[in-house]
Amino acid sequence: MTTLIYLGRLADVAGTSEEQLDLPDTIKTTDDLRAWLNTRFSSPTPAFDQSVRIALDSEICVEPASLGTAIEIAFLPPVGGG
Amino acid sequence: MTTLIYLGRLADVAGTSEEQLDLPDTIKTTDDLRAWLNTRFSSPTPAFDQSVRIALDSEICVEPASLGTAIEIAFLPPVGGG
Amino acid sequence: MSVLITDAAFDPAEQLRLFTHASKGAGAIVSFTGLVRDTSSTGAVTRLHLQAYDPMTQRGMEDAIDKARGRWPLQTVSIIHRVGDMAPDDPIVFVATASAHRRAAFESADFLMDYLKTEAIFWKKEYTEDSERWIEPRPEDYKDKNRWNS
Amino acid sequence: MSVLITDAAFDPAEQLRLFTHASKGAGAIVSFTGLVRDTSSTGAVTRLHLQAYDPMTQRGMEDAIDKARGRWPLQTVSIIHRVGDMAPDDPIVFVATASAHRRAAFESADFLMDYLKTEAIFWKKEYTEDSERWIEPRPEDYKDKNRWNS
């Protein structure tokens, strides 16, 4: 089981801020995952584009990366506080 | 009668922070006044040098200036607060 | 050094009091307070929602403080950042820096705010009477941030 | 806009509370607090004496605020400056600026502090256990001030 976390505006795209699921065996890299999610949550422009960073178990990964044994995968659109 | 105000370290030089006196008739300009005070309050290096600005009735004057009818003449060594 | 991410309202004046007390002997203290704006391009703001993603958000802010301490001689640094729902004029962020040197206190507070605006891991959603939108950093924010790269 | 020269102690946190209250809608508030240092080149400081020359001191500070307002869009500005005798860690100066823009608030507070350090009409005498000396601005203070000439 993998937990996917949809942060910021991506929660609106996914319809939830978090989901737990078994990823298909064919999804092995961050590129696979982006393509799969862009199909699942289709929108006029792909939501999981390169402006969205991916964190594997709370570490931003340098892409393309293997998903390895990550149990929590988070999708971070452009950030900014203050 | 003219009031002379000695600010900052000049009060130590003059031995007072303020005095009232009739200036000699020969003292007509800021240059005259500086020379006269350097003689009155003699010290190894002249205390009323060009680092000291002169305010006539609370306005810094552009020197050399006539003392005119000023009733309060203040001597301001280099300033700085904060 | 302290970093606090909180969903409770805080009072910048009280925070400055605590910070000043903790910075005895510093000489120079700078504080920045960011407040929720009451208007946006689409009308009067009714609510601002801030989301963090811990532990990454906390860790990122701690790293930024480490960077600031590497560049400037700082005695004390504090950052408080709200998350959750806020109303116009509520404090969102408070940054305070203390140093023996006035320029170090000013520049490090400025640096930390540029970090917070462009790299800190938060997402903001602004609500007006009849709209809601996610806000991302403005081009000026990235430009401000890049001043520190040299 | 307010300028206060006072021989009474003041509390920077309380001043920030009042200032924030008076700056509703501003978005960004910067404060600077300067405190009496506890050590000097000649030993432990026991006392700092500050002298002003009114009305020139007050007028000079008001002019500096006018200049700041000419350069940056400021909603509110406040300067409080102590005169008389102070002990180490006592607040000497408090500057606060409020703006819709973070950079305006930072830069104007920085600008006003550079003015206060080099042009504001004050004289400072520092006392240690066995010495006293008048302090004048350092070369760095004039250099900081000249940043704003361009």
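Going in written order, the chains are labelled A, B, C and D, and every chain counts its residues from 1.
Everything below uses one rule, namely that a contact is a pair of C-beta atoms (placed from the backbone, for glycine too) under 8 Å apart; a residue touches a chain by one contact, two chains touch by 3 or more.
All figures in this text were calculated on a predicted structure; none of them were measured in a lab.
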item	value
Averaged-CA centre spacing for the pair chain C and chain A, given as whole angstrom	27
Approximate Å spacing (C-alpha centroids) for the pair chain B, chain C	50
Approximate Å spacing (C-alpha centroids) for the pair chain C, chain D	23
Contacts with two or more other chains, residues of chain A listed in rising order	82
Contacts with two or more other chains, residues of chain C listed in rising order	34, 102, 113, 117
Contact graph of the chains (line, ring, star, complete, other)	line
Touch relationships between chains, expressed as pairs	A-C, B-D, C-D
Contacting residues of chain B [partner chain D, same complex]	5, 7-9, 12, 55, 58, 60, 74, 76-82
Chain C - residues contacting chain A, complex	34, 50-51, 53, 55-56, 81, 92-93, 113, 116-125, 134-137, 141
Residues on chain D engaged by chain C in the complex (per definition of touch)	11-14, 16-17, 20, 24-35, 37-38, 88-89, 100, 102-103, 105-106, 109-110, 113, 117, 144
